[in-house]
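Structures incoming, each one as structure tokens.
Two complexes are shown next, each including subunit A; its partner changes from subunit B in the first to subunit C in the second.
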Partner chain A sequence: MKKIFAITFLLILMSGAVVFGEDLTGVDLLLKMDEMMKTEQKYMEEEMILYTSSGSERHRKVKVWNKSTDGDNMLLKFVEPASVEGTGFLMIEDDMWLYLPALGKVKRIAGSAKQGSFMGSDLSYEDMEALGSSGFSEDYKAELLKKEKIENRDTYLLNLSPVDGELSYSKLEVWIDSKMFLPLQIFYYNENGEKIKELKTFNYKMIDGRWTSMKMQMKNLQKESMTVLKVNEISFGKEIEDKIFSTRFLEMGN
Partner chain B sequence: MKKFIFIIAVLLLTVSSGVNAADLIGGEFKLENTYYESMKEKHPELMSVFNLELDQQTWNGGFHIDLKFSDDLNKNQLEIALNEAYINYYGDDYDLHFGKQLISWGTAAEFNPTDNINPMNPEDIFGDKQVLTMLKGNYYLNNNYELSGVIIPFHRPVKDSFNFMGNEFKVEAVEDDLANTEYAIKLSGKGIEGFDYSLSYYHGFEDIPTAVIKMTPGGPVPDKIYFREYSIYGVDFATSHKGVGYWLEAAYTVPEQGDEYYSSVIGADYKFENGFYLEGQLIYQKDKFLNENVIIQQGLEKEFARIHNFKLGSLYNLDTEGYMIKPQFEFSLDDNLILNLSYTESEGDLMGNEMFNLESGLNMDLTYSF
Partner chain C sequence: MHRLARFTTRFPKIVLAVIIIITLIFGYFATKVKMTTDIKDFFPKDDPKVATYNQVEDIFGGAEYIMVAVTADDIFHYETLKKIDSLTEQFSELEGIASVKSLTSIDEIKGTEWGLEISSLISELPENEEELRPLKGKILGDEMYRGFIVSEDAKAALIILELDADVDSVLLAGKVSKLIEDNEGPENLYITGTPVLNNVLADSMKGDLKKLLPIVLLIIALILYLYFRSLKGVILPFTTVLISLIWTLGLMGILDKSISPLNAVMPIILVSLGNAYGIYLLNRYEEELKFGKSSKEAVIGSITTVGIAILMAGGTTVAGFASNVFSDITLMRDFGIFTSFGVAIALLITLTLFPAVLSLIKSNKKKGRIKNNYLGKITSMLANLAINKSKIIIIITLFLVILSLAGLPRLKTDSNFFNFFAEGSQAKIAYNLVKDKFTGSESIEIFIEGDVQDPELLKAMNNFQNDLKSTGLIGEPTSIVNIIERTNKAMHENQSGFEKIPDNRDLIAQYLLLIEMSDDSYLQNFVTLDYQKARIQALVKDTSSEGTASLLAAIERYEEENFAGIKIKSTDTGIIVLIDALADMIIKGQIKGLIFALITVFIIVFLLLHSLKGSILSVLLIALVSLINFGVMGWAGIALDIVTVLISSIGVGVGIDYSIHIYSRYLEEFKAGLSVREAIVKSIETTGKSIISNAAAVISGFIILVFSSFPPFKYFGILVSLIMFVAATGAMLFIPAMLLSLEKYNLKSIKKGEK
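== the complex of A and B ==
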């Protein structure tokens, strides 16, 4: 019995070594990471915790629907706290709308809103799009720098440079786990080459056949603030109807 | 007394329906402190406002009830009002909303020429409008196109008296008659090749009275003071190009008697990389008193210390030289507690009519949401 265990253990080790030793290019690795993170559809209930530089905390709970079968679509609704409950955000490709219950109407948002922070967090709209639905491979060229261990995990370190000048970052450094192909850490650099943000992921779970990070932490190094996103519920398999991604559902209750 | 009975009935109905109260009850408590320049040595106004909202919404329908308890602490005067109370039903490709409600139309910021269904609140011209009992239906042709219809059975004016040479005259009310039913329709498209637009039509009675003056040997006297029947044709659109948001909204009003009038807004907004949000609008209007005005409106917003907000709003009327400037700080003290400090400096006719003028003063309010 011990022998069987030993052989099995050796085979697992070898398979890991084969994967880690595989001759993958930066482009292959980025595509694999996007494949793992991108889904045709996803429903999430998340908690967003904002930490300011002075140590204050603000809590938000949101429900998010994503679908990318016919372009990238996202519907987000705030559930808590009461002061923002009912506020909704809809994105269909490049079009964006916001629903504020106090105004009682849907308002189109200018494209430049993507330059700001996403709902007051340390993530920008661009970050949310890349991490949540669109991935990185369409916007960045990837180069494999080295393999290294972080937090006792084997990772590939990639350098990503933007394909065109419309993105907010001049460079990204991404550490991809060699087995799950999820990003463990991303460093974001501005035009002057200064590191401005740090993203770390935690609590990995296999859900509906794919690895998923259940916690994400984005630090803004310039503002000394931090946002933590915790996934409370997630589903990849449940069918999301196309009609959800409309201004009608943005206004409706849930 | 009737209001108390209604409130108790609503609460009993809610509790007995077995719905989880925590999911159903919400609202806010607000302490408002205002000091106007004209008050000189007097104490500032102090109001406490408690809004109790009962709200149950699902993908199939729901209801919303909003009760407002306001107390003027200087006069110890409590007022209770039923703000909104309506039910929603969501069908496959249509919605129905019935009851006392507010309907907001238009794409422009704050000043919306096509938003004519609910009358403004005479005590708070730039605040929430007055609620009306009405039936609203929406039919969704697809994910982008929507047809809305509104039926308003009863006319509710902004004011029911008319001041002429220092004397108040009672206005002839619009009769409660089926033929006087007000209605509106709107066709809107959203996300059509990057554009949102709508075409609207409203038929009803003006909210502000009109007087027919006759000359007598003793001088001019109002012969007839009434609310004119009128139609409003509206159009609006919004888009975004190279990061800049653009919008246009216009309404053309045709009263059954007298001259036609109109108003239009063109505006743009942009959010800079450093988080500054800038918005500008140009308003051109000929109002019901046939005054023509060109007004410039501007808004600036920037968050600070991650969770607080600074806003600066201003308005300048090129014809009357009336202006308003309002800096405002919004401090988030907790997840549900917000402190708002603002100062309004205002002088002259802002919109070409003294009805819309604001008084300079300081305002502080503390709002707790639950």
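== the complex of A and C ==
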């Protein structure tokens, strides 16, 4: 089944290439975007900066290991600020643990926390998963609205409506770059049809054979806050061992 | 004056047309005037206290709250808790509400056997008694919740709505009240908090104006009719008053100013005072008619004779109101500006519209109005008193002065809005309920700047919070300290010994990170992202001026004790801090304003009378009248608040008129060759009559305020009436008595000199 799917997918890809994307439907485009962004494994060193409307800032530097061959796994280790260095966060599906070096203990965090924002940022766990591992195709139905130029790049504007009612958004607007198939911009709308968040990507690099945006910026229009994610190092190629997604590894310094 | 009279009588139609057009324009803008009850509007835009308040609001979200109390036999009942839950939901959905804290929405840090959870205090509503009992025990046993979100006797629960920073809180309070009405029963619901009180205040202010203004107009119409016995005598002064009111409100509309609790009395003031000028003019006009002059000649005659006096009397009134310009309170300054403007317009209309209209209507040579014998009897009695009992009058005055001086130390200032509500009113009941069953409905916010992850700083904050709580002036203070303590306990298997600040800075940072990962919104109310600013929040039990003053003193003392030697900066804010600052501004403004008013009035009187003695006597009388006003307030326990503070400016500006009239008549008669004694009797018997009728009209306007729903307005009405009475009586008794005594003294010294 998987094979058939892969072959069909490849065919779609090729056909798209032949007609220069002219005949691509919204569904096709979204699949291509997901394929560009989804990875089975990924290692990143990134910086996260939070800004509030009143001018307050928070900086964090982390190392992140992601693997989604056997469910969604993530290990996150804090590097900066110094006071939290070595603090580790482990997520296996919906279970979450935290290791506090100053306490010397691993503690679980209630799964309900996953409904909230990711590390207090303007991105929710849902946003992170869609952008990082799960993609959008499974949860949204896409419709190609038009072609548009954004900052001198040719894009397709897609309108995404949720397949079922379990998502936080009523609608997404996604601008996909016509060459890289990366999202350049995503607008998020709430159930009242108001735009509540704005995602923008910058600084695109070809890494391990795929286009990657090295900087992302999410604006929360209601709270007037903003989160910037900067990737300092990223690799898709290195094999990540399954064993590092364990509480034992969580406690180890590295 | 003469030229003005000529012009208006020659082109009456032009004058009329111009006035009508201007009135229409102002009338259009008058409809745009809004109401404000926002305490921040009392302060100048750049006031540092308001800046701090706004800063805290910006950083941590609103510092303004709406409180909804739910009462039942026992709150811990499935149905009642469900009602609380449903209310919480409904409130959360309102736009402008930042957060809703209630039994069913409040989050708690739980240490579980496997880790940590931040979740609702009541995650699932237990349906049977058995499950409810331990929950009740747990919540009532926790000082974080008892007295804060549920009362000690479990008969009342509180829902606290925190408002967004830039929201129209009064409008929102209206919406919440509406929701409350829909959800009433079987539980009783009460709503309070500053925005709610302000909402009630704005509504009642409108209601009061609608109710009282027609009564004032009616009574004044009645007095005018009794005095003039003609329709003209009612309509003309009335038109003046209405036009001045429309122009004033129109100017407020153009300048985008709002009606506040402070200037809500302005229409009553303008109506009561504005018609007086017309009375003097009409009076003279009728006298002139009796001499057989034509209407036009009579108009010119009366304008040229009494015009100056009217202008001067109006001038002192304008100056009295203008004295409020010296207040630091923005709304008081506005009150001064607009009331002065209104009075000036009333003057202008009297001196232009009157002659224009009078010259248009044919004079119906009617017989003069019926002499009022009662007035004559009263004035001759007063004249008699002034002449024969001058010593007693002065002794009584001295006695009153001493009594008033003794009352001064008792005079209190109160800028508290809560006293605007009468006992037994819905607003007061709800306010008292929240005050008695819970810690209170107003908050004090202590804004901390420093390294909030530093154990030393956190421990100092903790000691400070404990010291402050031990005063009994506030409920349980909450801050980042409580969050860290609870987390520390949760991470140590809930051992109670660990409910404290750990010594390790890294551990604190990691705890905070843990909470960030779990539920960040929990922190944002108490600390900034960079952990450099925090706030301590507590509900205040006693929001009276004394209560606030002692709380602020305690805060200052404990800040000094606990924060010495630590890199920390703390600032207090909150609605009650603003209210407290307002009280200070009231006093300073009052003293400055009074001095200004007395000096200005002295100058005007001196210009008019050209008599140093007369000016000093008049101003002395009015200073004594102000003193008596404060004395009465002191003895009666009436506080100097944002409404009663206006009384002295009215007293000076209007009260002085009586002295001016008496003294100028006295001078006139004295110069005509009468003796001091004869001149006094003549002036009291003639001018005394118009003083009495004028004072009667003014007093009957103000006394209507007794029917207001607000205690300060009632006091305002009574006190203004009282000082008008004292000023009028003083002009007819004290000034003559002083004149006589001075004369005797002069005679004696002359005799001494001769010897």
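In the analysis below, the second predicted complex is superposed on the first by the 230 of 254 C-alpha atoms of A that agree within 3 Å, B and C clash if a C-alpha of one lies under 4 Å from a C-alpha of the other, contacts with A are read in each partner's own complex, and residues count from 1 in each chain.
Definition applied: a residue touches a chain if its C-beta (ideal position, glycine included) is under 8 Å from a C-beta of that chain, and two chains touch if they have at least 3 such contacts.
All values reported here derive from a predicted model rather than from experimental measurement.
Steric overlap between subunit B and subunit C is present once the structures are superposed on subunit A.
By the document's definition of touching, neither partner reaches A:Met206: not subunit B, not subunit C. In the superposed model, A:Met119 makes contact with subunit C only, not with subunit B. In the superposition on chain A, A:Ile92 makes contact with subunit B only, not with subunit C. In the superposition on chain A, A:Lys107 makes contact with both subunit B and subunit C.
When the two structures are aligned on the shared chain, A:Ser168 is found in touch with subunit B, with no touch to subunit C.
Between subunit B and subunit C, it is B that contacts the larger number of residues in subunit A. Look at A:Thr247: by the touch rule set out above, it reaches subunit B but stays clear of subunit C. The superposed model built on chain A shows that, among 223-231, 457-465 or 727-735, the segment of subunit C colliding with subunit B is 457-465.
Residues 50, 52-54, 56, 58, 81, 83, 97, 103, 105, 107-110, 112-113, 116-117, 120 of subunit A touch subunit B in one complex and subunit C in the other.
By the touch criterion stated above, subunit A contacts subunit B in their complex at residues 50, 52-54, 56, 58-59, 80-83, 85, 92, 94-95, 97, 103-117, 120, 168, 223, 225, 242-243, 245-248, 252-254. Contact residues on subunit C toward subunit A in their complex (touch as defined above): 58-59, 112, 114-119, 453, 491, 504-511, 513-514, 516-521, 523, 528-530, 532-533. Here subunit A touches subunit C in the complex through residues 50-54, 56-58, 78, 81, 83-84, 87, 89, 96-98, 100-103, 105, 107-110, 112-113, 116-117, 119-120, going by the rule given at the top.
Subunit B meets subunit A in the complex at residues 26, 28, 55-59, 62, 88, 90, 95, 102-107, 138, 140, 143-144, 146, 190-191, 194, 196, 238-245, 247, 269-273, 275, 277, 303, 305-307, 332, 335-336, 338, 367, 369-370.
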